[in-house]
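After this come two complexes, each holding chain A, first together with chain B and then together with chain C.
And now, the complex of A and B:
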């Protein structure tokens, strides 16, 4: 083998790594280095622009002493819990119903899933109008004769967060449905047949056999919906703009307004780090287990 | 006999119940879209007269015209048109870039595996689940330093960068199931790295290219966070402009224009969904790495 062909074959061996290197570099910089950078800013006294004087955990102390942040965290818990429970429950129910040899399955599935194609800003705009107490659903029901009916959640600070739940569930439950349906289609029919021959009723079969078999799908749904919940930002902004007052503030909107509206970049960075840690605590074990089981099986 | 009859009657009732539930839920899901469409077609007086869910008495496209070319975003009363163009200028290069790069990455990570390839994939994968708040400030600074702040090319760069994570996931998971014999045979025939990619791999990957393009298009078109953080005024994408129109606080609120504007922002992704919904679902469920 001549020197030049050896050279070129060695180059060919390196070629894949050379080609993948730029993307890797981009991701290392824009994901990992930027995370680190945000972390650094969170331990400085940055306000309008980043300054690089170390102040320890002062910004974190300040963050946790901010009532608005407490509201945001409490809202995240309320919102995530309801959003997850309702989207998962509704998604599972729709998937099970759709799995009963339904005639217009394709069309129904398309209807359940179309909100996923919309921007959260569009969703928020539409639901803001629907839940408008003066002209929206409340008015319609009042006109039908139920004059005492009230659906003014959006203007009431105590209930406004539930409007975000409603719109969020509308947008995302179809997504849960799609994953559950894929899971249901993967279940061997003979298991169900066997149970039916044993005389088990359909609800019992679902409770005892099928739903437990959907565990991997359930895990995916819960993890992915949690991620959607934590990063929810546009929906709140379009629907309530964090209000009334700060009633629907979430960590994502808090981070944005602290950083870009209130010149508290250090606090904003600290809140971003808190968000990242929450997401990482959910996602990293999930990805790890998914990748490992993929390699094993 | 009687028992058999009541059995089949019960089953019929069961079917009826299943269909009933499905249709009621479907109507609930369609309701917001219906409300948006009819509201956008009504004159404002009819809306303030208390018509919400009903069919418009008078159908007018005035609200659509206003949303498209007259409504005020900030101090500029240009309608959504220029912002729609901004979004197009942003989404087309960003989709092309991220899909192209993702395809070649997926090809390398499956057919040219090197030590550490799995680790590289893991690094990229976490990028799919990054809460973008964690990178907003550094990205804003970097765009400023590069002279890309507040510009469409800046947004293209941002979307393409983070899009690589998703597109690599799509293509990698697709190529993993392509038999290695395909590339091995081509190699024996003397085809090189790019040659195999171009004439062996790409022709088999039309479905996943469609999935990737649709997913990226929907994500980038619908993005709001990057748009609102990195642009201002006339360089904003359509989602930001829509939010501005809706949040105008002066004067009598023009709900019909708001709804027409929301429809204009929604139509591109809705059309893609209607035309290629099957592929959209595949992209969606790809996030559940194994489904």
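And now, the complex of A and C:
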């Protein structure tokens, strides 16, 4: 009896490790090993196929001397900042409005969340037509009689990046809303009641009590949305295909074309490493501060 | 998403297949549209008549970039396909890696080098080795025009770029879009390539697009090219963003637009609507003092494999592709002209006949040159600089001088 019990208790101790081991191995190989490999490629002269001759930071110098890369980096910051701010802001606003015990909340929630069910390819293609001045919004309004109305951002290299923001926000703000809504439902009603008894107005309650209590939800939203922003390769591809010209190039589209279409694998790897460092520079301190304050709190 | 499909396809293709009695060859290519598949079937049937089986591995999308990725993973896994479709420098670059089979014996016995224009040889040979069998030749610098619109406006086929711009302005005053196109860099590149040679002559094209001579790249002649490109922009409507080339061709067919600059794959759209060359639509080369013929070819290279039945099938496939009869049958369907110079095009349409004649003249005058935009001039890392600069210039407000500076520094940076 005792032998079999010992056996099963030993198995129970090992089981989690055995179960986790394969997936851990896969993650180590497919994520960290390839990050390392990309780093190695970025300091070689690799062009068409990988070669392993060390050339130092030459590919990084080349990368930063490429005007298209500057466009891509500037676009990433414009896009990410606006996308994060607008998606989070709109998501929070929608969640608060939905949380007022309104009728048909379930239906409205589904409607707002629905864009998230579409792939970026579909969103991009649909918005490409909606924002084309000859087919979409501008044409409809012009045909209605307002002939001076202009909505041709997508044709202008200076404004085209904002069309990507519009499409991205449309798709993702419902998602942010869902997370905030879940967060709001998790807040104890007695806190709000107590504040009301103290005579606090509703906006004040939201500003001072509820929104600060949504911090964990805010963390999830920001981390998930920044990850969507960084990888928004397919949205750009479908919406503008990097155009007009190269005006809406993002680091991800730059990396893909350098590596796979332009024989510049070294430059592509260097740009991938730059992307990784950018993400790390933003996410790591944020995660650190959030997790630390959680421990303290 | 398409990358995922490519990877998935590459993964499924790793499964070994049972050898066919006579020998089977797997052909990796990126032709998936109906006319392309029909054209390939000409090769396939002839190969089957010789007793070899064609195993189709089509990886479409991204103008062949997906198929290239599939090939990379296959080669890395040590399991290359028997044959692969090559565009531009791909074949030569793989040959430099030592993975492509040398077909020199076949080429010498079959007189392939003599049957091809000398300008093609850099793309199908590597040193002494003959590495790829070219099946077809497209011309990139065509203008497709709606004849009725030209007649109604009382304009003729332009003989110079200045005339073309004037013609465009006349048409624009009548409310017609003079030039239909999209904002994709390669569509803009087609016009840029043509202007390089048409305005400054084929020697200038050689010096800039092929030799990458810094002096020629930064010369006042280059400024003229961008000036003319700016004039062309004035003939394009503002809704050109995101427009597919075939949609633009449709605008010319419907009479919404008068002209399109596009390779001869656009011809199929006209013919499919039952329109006749010279009666319903015009096809003419981009105008220049010396008419240029900017080509691109599709060729098939064979990889070094150990399986002897596959080796035999490779020989049979290469011979089939270079068979004049097959080249004729293939190109009648594909809309291009045979890569071989010695195949008669009597049964072809008028546009193909014109292209064939102009090719012969261009070979003599030295104005038959590879198209940069499709990867048949400078290597991709340089070709992409041309297309980046031309595209940014075209859609924005950059001055011609700034564009030239950007071109020179961009080429230097890619060296």
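Everything that follows uses one rule, which is that the second predicted complex is superposed on the first by the 259 of 297 C-alpha atoms of A that agree within 3 Å, B and C clash if a C-alpha of one lies under 4 Å from a C-alpha of the other, contacts with A are read in each partner's own complex, and residues count from 1 in each chain.
FYI, contacts are C-beta pairs under 8 Å (C-beta built on N, C-alpha and C of every residue); 3 or more make two chains touch, one makes a residue touch a chain.
Quick caveat: nothing in here was measured; it's all calculated off a predicted structure.
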Legend entry - Clash or fit (per the criteria above) of chain B with chain C on chain A: clash
Inset, instruction - Could you tell me if A:60 is touching chain B, chain C, both of them or neither one (first, second, both, neither)? - result: neither
Inset, instruction - Could you say whether A:264 touches chain B, chain C, both of them, or neither, answering first, second, both or neither? - result: second
Inset, instruction - Please indicate which partner A:83 is in contact with in the superposed arrangement: first for chain B, second for chain C, both, or neither. - result: neither
Inset, instruction - Examine A:116 and indicate which partner it touches, taking first as chain B and second as chain C; both and neither are also allowed. - result: first
Inset, instruction - See if chain A has more residues touched by chain B or by chain C, and give me that chain. - result: B
Inset, instruction - Please indicate which partner A:133 is in contact with in the superposed arrangement: first for chain B, second for chain C, both, or neither. - result: second
Inset, instruction - Quick one: classify A:247 as touching chain B (first), chain C (second), both or neither. - result: second
Inset, instruction - Using the touch definition from the top, say if A:220 reaches chain B (first), chain C (second), both or neither. - result: first
Inset, instruction - Have a look at where A:69 lands relative to chain B and chain C in the superposition and call it first, second, both or neither. - result: neither
Inset, instruction - Using the touch definition from the top, say if A:157 reaches chain B (first), chain C (second), both or neither. - result: second
Inset, instruction - Name the stretch of chain B, from among 93-101, 111-119 or 147-155, that runs into chain C once the two structures are superposed. - result: 147-155
Inset, instruction - Under the contact definition given at the top, report the residues of chain A touching chain B in one complex and chain C in the other. - result: 119, 121, 128, 132, 135, 234, 241, 260
Inset, instruction - Can you check the complex and tell me which residues of chain A touch chain B? - result: 12, 15-17, 19-20, 23-24, 26-28, 30-35, 37-38, 41, 50, 90, 93-94, 97-98, 100, 102, 108, 110-123, 125-130, 132, 135-137, 139-140, 143, 170, 174-175, 178-179, 182-183, 186, 216-217, 220-221, 224, 227, 230-231, 233-234, 237-238, 241, 251-252, 255-256, 259-260, 265, 268-269, 271-273, 275-276, 279, 283-284, 287, 290-291, 293-295
Legend entry - Sites on chain C touched by chain A in the complex: 1, 62, 65, 68-69, 72, 93, 97, 183-185, 188, 237-242, 379-381, 384, 388, 391-396, 406, 409-410, 413-414
Legend entry - Of chain B, residues touching chain A in the complex: 15, 18-19, 21-22, 25-26, 29-33, 35-36, 39, 47-48, 50, 52-53, 101, 104-105, 108-109, 112, 114, 118, 120-127, 129-139, 141-142, 158, 161-162, 164-165, 168, 192-193, 218, 221-225, 228-229, 239, 242-243, 246-247, 255, 258-259, 261-262, 265-266, 269-270, 272-274, 277, 280-281, 284-285, 287-291
Inset, instruction - Within their complex, state which residues of chain A touch chain C. - result: 47-49, 62, 65-68, 119, 121, 128, 132-135, 152, 154-155, 157, 160, 234, 240-241, 243-247, 257, 260-264
